[in-house]
Every structure is written in C-alpha cells, then in structure tokens.
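Just passing along the structure, written as structure tokens.
Note that the chains are named A, B, C and D in the order they appear, and that numbering of residues resets to 1 at the start of each chain.
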Amino acid sequence: MTFAIGVDIGGTKIAAGLVSEAGELLKRESEPTPDDSSTIPKIVAALAERLAGDEKIVGVGIGAAGFTSTDRTTVRFAPNINWVDEPLAEQVSALLDLPVVVENDANAAAWGEFAFGAGEDTDDLLLVTVGTGVGGGIVHHGQLYRGGFGVAAEIGHMRIVPDGIACGCGQHGCFEQYASGSALVRNARERVANGDPGTDALRALADGNLSKITGPALTDLAHDGDELSIELLADLGQWIGEGLAILASILDPRVIAIGGGVAGAGDLLLGPVVEAFETHLPALSHRPQAEVRLAALGNAAGIIGAADLARTEPV
Amino acid sequence: MTFAIGVDIGGTKIAAGLVSEAGELLKRESEPTPDDSSTIPKIVAALAERLAGDEKIVGVGIGAAGFTSTDRTTVRFAPNINWVDEPLAEQVSALLDLPVVVENDANAAAWGEFAFGAGEDTDDLLLVTVGTGVGGGIVHHGQLYRGGFGVAAEIGHMRIVPDGIACGCGQHGCFEQYASGSALVRNARERVANGDPGTDALRALADGNLSKITGPALTDLAHDGDELSIELLADLGQWIGEGLAILASILDPRVIAIGGGVAGAGDLLLGPVVEAFETHLPALSHRPQAEVRLAALGNAAGIIGAADLARTEPV
Amino acid sequence: MTFAIGVDIGGTKIAAGLVSEAGELLKRESEPTPDDSSTIPKIVAALAERLAGDEKIVGVGIGAAGFTSTDRTTVRFAPNINWVDEPLAEQVSALLDLPVVVENDANAAAWGEFAFGAGEDTDDLLLVTVGTGVGGGIVHHGQLYRGGFGVAAEIGHMRIVPDGIACGCGQHGCFEQYASGSALVRNARERVANGDPGTDALRALADGNLSKITGPALTDLAHDGDELSIELLADLGQWIGEGLAILASILDPRVIAIGGGVAGAGDLLLGPVVEAFETHLPALSHRPQAEVRLAALGNAAGIIGAADLARTEPV
Amino acid sequence: MTFAIGVDIGGTKIAAGLVSEAGELLKRESEPTPDDSSTIPKIVAALAERLAGDEKIVGVGIGAAGFTSTDRTTVRFAPNINWVDEPLAEQVSALLDLPVVVENDANAAAWGEFAFGAGEDTDDLLLVTVGTGVGGGIVHHGQLYRGGFGVAAEIGHMRIVPDGIACGCGQHGCFEQYASGSALVRNARERVANGDPGTDALRALADGNLSKITGPALTDLAHDGDELSIELLADLGQWIGEGLAILASILDPRVIAIGGGVAGAGDLLLGPVVEAFETHLPALSHRPQAEVRLAALGNAAGIIGAADLARTEPV
C-alpha cells in the first residue's frame, strides 16, 4: 500500500492531507497562508513530512489558486499570492526528495471528484465550484483538460452579461459576479439596504450590520423557510443553471458536479439549477443531456485530487 | 502512397474529395443534397467510387452537419436533414467495403485545419466557422475534443446575450444570432429598412429588394470603402471577438482560426475581431494569449479533415 | 344632460359608444375594420349616428392606434391601417356636423381611466396596457401628456434589453417583446416546443397545435393551479414591474394602472408586477412610491376616454 | 428692470448669481458647501445679499441636487447633503424677506436652457446633463414637468442594462453607469489597467497613477488625435444616444440638449450621440424626430433657470 500527499494552497489557508490509493483522506492538517510567499515551500514540506510519518509516499500533488504551467511544475500567476512564474514543484521537491506536481486548484478538485467522488461513474465530468468565486475543472475522456497554456476552465470569468457587473479581473459581466456565493450575499445585502419588501428576516439577521448576512446564515434562514432567502438561493441557482447550459454547449460533459461552499444549500440550490439548466439547453429534446449533481467530496476534493494527480496522471 | 475520401454533407450540397496522406485535395465533386435522405448513402458511395478511380483508398470520412455519436458511426440528429440515429457509417461501408467514420462537420474542418492548415504549428486549436451559422471544433493536445456525448463545441448556441434575439434552436441570445454572416446581413437590411443615416450605398445595392443585400455583396462594398459596410463588418468582428474571449476563458486554445464564408472579408473582419478579443480577455496582462488567425483551407477544410480522420484518428 | 360619442379604431375592429358626462358607457356597437381605409370615416359616422339616436351630442372623440398630431386632427401614421397624415377629424366632422377630436388610442384610454377609472383619485397617472403589444398613456397634473410631436408614451418600444429580441419596429429589445401578452404566449410555446420540464398541462392544451396556447387559455391553466403557467405569468409580471421601475424614474406618476387583456390574470400578474417594481425602483427607501393597480374600465377605457376628450380637454 | 437671484447647491459648492429678466447672469459668486448642512440657509442668504447690492430683487430660486417637493418649498432627500424633508424655502425666506422657491437642480438647468438657451426655440425640451452622474429635466408644452411627487426625470437611474453595473442607488445597470463622465473615466482606467492594446497615450497620461486620467484630460487627448480616447468618447456617445432613443420613445421632446461637463468634448461626443440616437429610434422613418444639440449655458444653466423659476413659474 502506498500513499500520496495532497496540498491545497489558497489565499488564506494551506491545507494538506495523506491520501491512500483508494482516495481516502487519512490525515489532514493546515497552516495559515503566510504573507511572505517565499516561505510557502517550507510550510508545504513541513506539512508533508508531518503527514507522511513512516508511510511510504510516492509523491506530492499541489493544487494552487492560480494559473499553472502545462508541464505541472510552475505557478504562472496567482492573484491572491505574490507569485509570478514560481517554480513551486522544484522548490518543494528539493526539500522533500519526492516527485512533486503542481496543478490549478479547481483542476485538482475536478480530478478528485472524477477519481473518487461525484464523477466516479463517468469519463466526462465538469466540476463547477461555487464559493467566493466560481471555478471549474474539466475531465474529458478520462483525462484532465488543461488547455494549451494550462489555464483552461476559468469559467468564473466567462462573460455572461454584456456590460454587466464589474469584476476584479478588469472585465464586466463575469459569471462569478452572478453565480457565486459572493453574488448571493451581495444581492441579499442590497435588498436589505434598499428597504425592499420581504426583508424582515434578513434585516433581523443583519441587526444593523450588513456584514452579518453571510452565505451560511442566509442558507440557514432558507432552510427555516424564509421566503426571500429561498428566492435568493433560487435566483443564484438560476444563474448557475444558465451558465451550465452555456458550458454544456461548448464542453458536452456527461456529468456536471456542483461543489464549493454554496453546495451546502443542497436541493434549495440544486432544484433551481437543474430547472434553469434544462430550460436553457439548446435543442434539448434532440440531444443527450448531462446529469447535474452535487459534488461528493466537499472541500477535501482539492487535496484528494492533487494527491492522486501526483500518482496517476502523466503530463 | 495511399488516399482517403473526405465527404462533407450539408443541407444543400454533398461535397467530396480525394485526399492524399499530405492533406492535398486532388479531386473534388459534389451532388445536391436530396429531399429523400434515405438515398444519401448511395450518393456518397457513388461519389467515393468516382473519386477513387484506380487509387488505393484506405477509408472514407464523412463530416455531417449535426450531432454525431462518440463512436463515429451514427448521426444522432441533423436539423437540416431528416435523420435521427442514422447508422450512416455502416450504410456507406456496406456499399463500398471500406472503413467509414462519421464526424460532425465543424469537427472535421477543425481537424483539417489542425492537420494541414491554420493549426499546423500547434496542438491546441479552436476553429470557429462563421457562415450562415457559427460552428466550432476543438483540438486539444493533438486530439479532437468530442465531448462526452459527441456533441461538444456547439459554440453557435452558447448564450451571449441574456433574453436576446430568438434562435431557431428554441433559445434566446445564441452566439450565432450576433456573430454569423446571417446576423451581418440581417443588421444591414434592418438599417436600410429603418431608413437609418449612411445607408445610401446599401440602399442602392438593394434597389428595392432587401434580399439583394448579401454577405459577399456587403463585403465588396466594404472593400470599396463604404463606411457603413465597414462599420457593420466591424460590429460583426466585435461580437466574434467578444465570443472568442469567452471561449478562450473556458477552452484555452493556443491558436484560434476563423473560417467560414465571412472570413473572406479578411482584415476588415480580423482587425476588429482581434481588438475585441484582446479587450475582453480576462486578466490579459497576466496570461498567455491565443493567437487569432484566418483559417487556411477555405471550404475544403471539412473534406480534408474528414478524409484524414478516416485515416489517422482512433476513436 | 349631454352626451359624447367615443370611438376606438383598432386593426381589427372599430368600437364606439355613447358616453354620459359621468363617463357611463350607455350603448356600444362595433364594426370590423375594413381593408379599404378610405371608408373608415363613413363607418365611424354611421356608428355615431346610430348610437346618438335622439340624444344631444356635444362631440366625437376618436382613439386610433397610431401616431396622432398634437392638434388632435390628424393620424400621422398608423402601422396597422393604411394611413399617413390622414385628416380624420375633418373627414368625420364633415359627415356629422359635430366637433371631432383624434387622439392616440392608449392616450384616450389613459384619459378614460384618469377621469372615471383607476386614476380617479390622482392627477398623475400612468396607464400601461398589456395586450398584443404594450401601450401607454400619461396624465400629468391633470392634463394628458402628448409630447412635442404628439407621439409620447410609446413605451412598448423603449429598449429594455440591449441587443435583445427583434421587434417589428426595426429595433431590438423593445419592452413589448418581453412584457406583452404576445411575449407570454411565445414563451409558453417555446417551452413546449423545446420539450422543457413541467410542460404537461400546456402540451395537453396545445394538443399538437401550438397555436391553441393563447393568453386566456394559459391564464385559465394558471387559475387552475398549473405551476408552469403561474411561473410564466410571474415571469411576465417581473418584466412589467422592471419596466415600470424605469418609467417611474422618468415620469414619476402617483398611480400606475395596468390594463389590456393580460390584466385579466389579476393577482397572478399584479403580485409579481408589484414585487419587481418595488425591488427595482432606485432609492426606494428615500422616495415616494407610485401605487400600482389594475385598470378599472377594461376595454371600454378607450371609448370612454375618447368621448370625454371630445368634451373636456382643450388642445 | 427687476432681478432675481439664482442658487445652485451641489455637493461641493454653492454657486449663486444675479440674473436679469432677460436671463443674463450679471454677477456670480460661490462658497464651498459646508459639512454642517444647517448653515446652508445662512450661506445662501449672505450670497444673495451680496449679489443683490442695491438692485430690486423679486425672488430667489434655489436648485438643489436631490428630490424636491412639488410645492417647491422642501428638499425631500439629498444624497450628498444631510437633508431629509428640509423646509429650505422657508428657512431662506425668513432670512431675506423675499419669496423663495426650491427646485431640483437639473430641473432648474432645464428651465434655464428652455428660457434662454438651447431650448429657446421650442416648447418641448429634454435636457440631459452628463457629468459625474447623469441628470435630466423636462419641459413639456412650455411648463416644467415635475412629476406626481416632484421627482421626475431621474434619468440617470433608468435601467439600461439588465443585471448591469452596480450603482450607488442600490440598483444595477443604471444609465449613469454607462453614459456619464465617470463611466468614461472608469473605462479608460480599466483599459490601461488591463494592458489593452492602444493605451500608450493614456498610460503616458497616467504616468503610474490612474487617477490622473480624468474626463478633461482624456478629452484633450482626443482633440489631439489619440485614437483610443476618440473611441472611448464615441463609446460614451453611443450609450448616451441609445438612452436618448429610449427617452424619446417615452417623452417625445422636440429638442434634446446635452449639457454637463462632458459636453465640452463637442462634436467628438455629439456626432456619435446623434448617430446612435437615429439608429436606435423606433419607427424612425415614420415619426418626427427630435433634434439633438449641445446645451448653451454651460454650468450657469442651473443658476439662470432657478432665478427665472423664482420669477415666472407658478407651482
């Protein structure tokens, strides 16, 4: 029995885990992401060593929030970490004497769901992660779709509304401005700030401080039956479903899995997603249609997928 | 030296050619598409035999306008021909005693451009064909991207405008309603019908009959310096470029080739396409950027690509 | 006690009535709109004489579907009737020896609702008629708002979606393409044609013939509880409400009345209209807000209003 | 010969002037807007007394940036000044012993242009002021159109793009997010920040500090021939023209005047405005069409109009 280490480097946290050949996450640890990005290789190596203990480790897979190179060695650009063309695989490998591969974090999560989660029964999976932003990963015919430059599946930045909401990427109308947890929260806060009808429960939640309106709190209100919260989740689901219809026209997956924090809303989200997806899919009655599901691995998908990529997938 | 036959079945014409290992189109013939679709296999077989003459033929590749199966045997659905789940490969193969593969026509054209045309220098090509509609084909890491059900790259039907222009597919706001030759012609005719300013040359062209305003005629006016025709081509180019930015976010090609009839406008189209593409690409300054080019093989791309797919690409 | 004749000239029917000073419609008759528009003055005159009987008539007011002149004498342009600069008031007056005024039909209806219907309690009314198209009429400070050329309140053609659905007026994205009874029916038929989920009741209604799906039939299904029909009416109401928020920003009425055939859906329509209106009104909590109501006079509003305009409103 | 005082209260400056019966601005002074809004009446009174000197003053007209009451006594709500239901007319009148009227600032400017400026030759004027935001004022048949609650012509907040750019008013897609000087500057800065092609001159202007890109500086670049600056002004003009087409459908003015700081771009702005207006006006060939002009009175329009409203217009 061999093991691999999976690492998920985000803007606030570096999470890592010990993962079996069967995709089981056996141990898990995390450290805060440091301000000084030059110390990240050491942190990753230390996490890997602690997790490895005496087990035989075949490699380390790192998922990073950013553009990664097609040869899986380098982070080209990470918007939340101060990295440009950072040779991360080599840096970590030098400290550990183990093979290391670097992959985009959403790609790693898609691979995790494909290998051991919501996509286990298909060779053609699209994972859409809906959290602060919207990320995506594509598995086509059993292989990760990396794109020509390694920056494929940046679906959070496909333009869904011409001249739409401004996005931090410099463009307008990006998908994640409508279909993310941040959009959900923004819309809820706007409703309260505008004094719109039906906002009693959300106003009570805010209690004078709009920042108390968060995705999980709103989801709780929805589960408790608050009509506006249910409506706001349904609006979010509609945007997600409309985006999935666009993505399905282009990518033609067999399964689409919805992950990320917002997936916690369960059927309150998935129902509207599926309805909008089916309503907006072109030529619906004449085409095979992807199945839309919730993701299965939660926030461990990135760790599990990265570990497995270190093991199984050639460049 | 061996040869293959390539066939391109469209709504009005069945075109076929004899294609060398090097992608040369040595002979070419065509027949009108019959009303009775059950006669198409015989027509294809007859064309293939005439073109083959005494040459050694290794196989027949058929590109068809419609959804095709991932195993390359069957036309699932063709909107312009009366086919549902038609086992076309088997039907033609039975008449010719040769291996036959069936592929979506835009996919075949993409393969042609990849193997012998505008994508010869890359492994990651997106072909966008702009004609009556908009079609697409994707080559990723040197392989055709077919999708999970064989219906990938239906880019003409990605929604680009929410609640936009109605499309024959039953949806609204599809890319081809804005970025096709048909859109170009529709916009020109609307300008004339509305009595908008600057329409003198187009009105003279129409001479009382708006149907005289066609894509090639408008392109001629533009080449002659008519400002409104130039503006209309630039508007078309802008929509194409905006769509390419969306596609690049998802697919990350290294080269994007623009084919189809409208590509005849050359730089009058390509200039605005490239400007809009670069202006709308998210995170432009931090990412590698696809090169946008005109396609190289003209309307032979489908024949050449289909022939080569019969020869080289395993399922 | 004196009376006036009100006439409502539409594309299919010329309706007329005898109207008291108090706005009561005492008698009512109609004739089909003839193909030969030159016979319309005679038809109007004959209707007026039959309705007048022995009563003392002070004047005739004509509402016509089209652009009318600010001096209330002439139809500038009527899209459904073959009229350009038709001196209709003079033609009818010559046959009847009575004062005749001509007004846009939606303006006449707005005046009717203002004088005797949903706007009786305000001086500032916006009437929005939602039928085949969308029309509007504005009463400001107790006077009809005609505009500088007499063609104000063409609200059916305000653009609500950039690059949206094509409209018969030559533009794209006009309000009436989203917020009319025709839009409701089109959306319902598209859902059925696309094989979308939840369409069982509408498919049964169509029974193989989509033209059986009409506004009244769909409204009946909604009243019977069909979820998709209710959803489609709510979608329509949302578009109407969003348009009203735009109109309120510009026109600042105290009362907005919704008339036309679609108003028959009652609260199934009005509820979503009001919710969308309040949600989309800028600076809601800091501004006085118009009350949105159903119109009161049904399809008699145009006749009653035209009659009253003949009596009371100076040019 | 009598005189009136006109006052224009904005977020940063209180400007006032002595205005003759003929609309001449004879003297002009200004003070900074104080943080403590309770001192504004005194500042206004002091300005009025200094300007009046020994002349006979018939009244004081105050234009204020905010919602004002229909009886012209009260500021209902001013977003940039701490006022809610402020009885400003009474406060100033008590200090001066003169009649005082309060009006929305854009309404006052529209009245000024109507009485003595770009609308002198018409009874039906729409003034659109394009500066930091977009404001509007309507004169219909020689009278100011105030609306039912006194808050008409808030055209900066008509929604022009569904789900568009977020606006400070709490809504999305408001006209002023696309058609204001702020939008012009935002777009220019985004182009530079994104590293878009053609930005050399703007980048040189910014010199590392994007805040150096201002409307006047960009306009200077455009006058000097910088292609991107000309394009950005044309894009702005296109949005303005498209908005004017919507407004004309509803309001039907005879003359539309474009004022505000951006009007300084002259024909570089007006040309694209007019082209877009004519292209987007519904049923263009069948309707009389408003003339679009630059405003004539510059930033004195508000003072001159407010003064004249104190003199001539009854409530």
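Quick note on the criterion: contacts are C-beta pairs under 8 Å (C-beta built on N, C-alpha and C of every residue); 3 or more make two chains touch, one makes a residue touch a chain.
Only a predicted model underlies this, so the values are computations on that prediction, with no experimental measurement involved.
Novice: Which chain's C-alpha centroid is most distant from that of chain A?
Specialist: The chain farthest from chain A, judged by C-alpha centres, is C.
Novice: Between chain pairs A-B and B-C, which one is joined by a greater number of C-beta pairs in contact?
Specialist: Between A-B and B-C, the larger count of C-beta pairs in contact belongs to A-B.
Novice: Approximately how many whole Å separate the CA-defined centres of chain A and chain C?
Specialist: About 50 Å separates the centre of chain A from that of chain C.
Novice: If you average the CA atoms of chain A and of chain B, how far apart do the two points sit, in angstrom?
Specialist: 34
Novice: As a quick test, compute the distance in whole Å between the mean CA positions of chain B and chain C.
Specialist: About 46 Å separates the centre of chain B from that of chain C.
Novice: Would you please write down the residue numbers of chain B that are in contact with two or more other chains?
Specialist: Residue numbers touching two or more other chains: 161-163, 170-171, 194, 284.
Novice: Where on chain B does chain A make contact in their complex?
Specialist: Residue positions touching the partner: 67, 76-77, 79, 84, 122-124, 136, 140-141, 145-155, 157-162, 167, 169-171, 174, 242, 245-247, 249-255, 280, 282-284, 286-288, 290.
Novice: Residue numbers of chain C touching chain B in their complex, please.
Specialist: Residues of chain C touching chain B: 161-166, 170-173, 178, 190, 193-194.
Novice: Quick one: in the complex, what on chain C touches chain A?
Specialist: 162-163, 191, 194-198, 275, 278-279, 284-285
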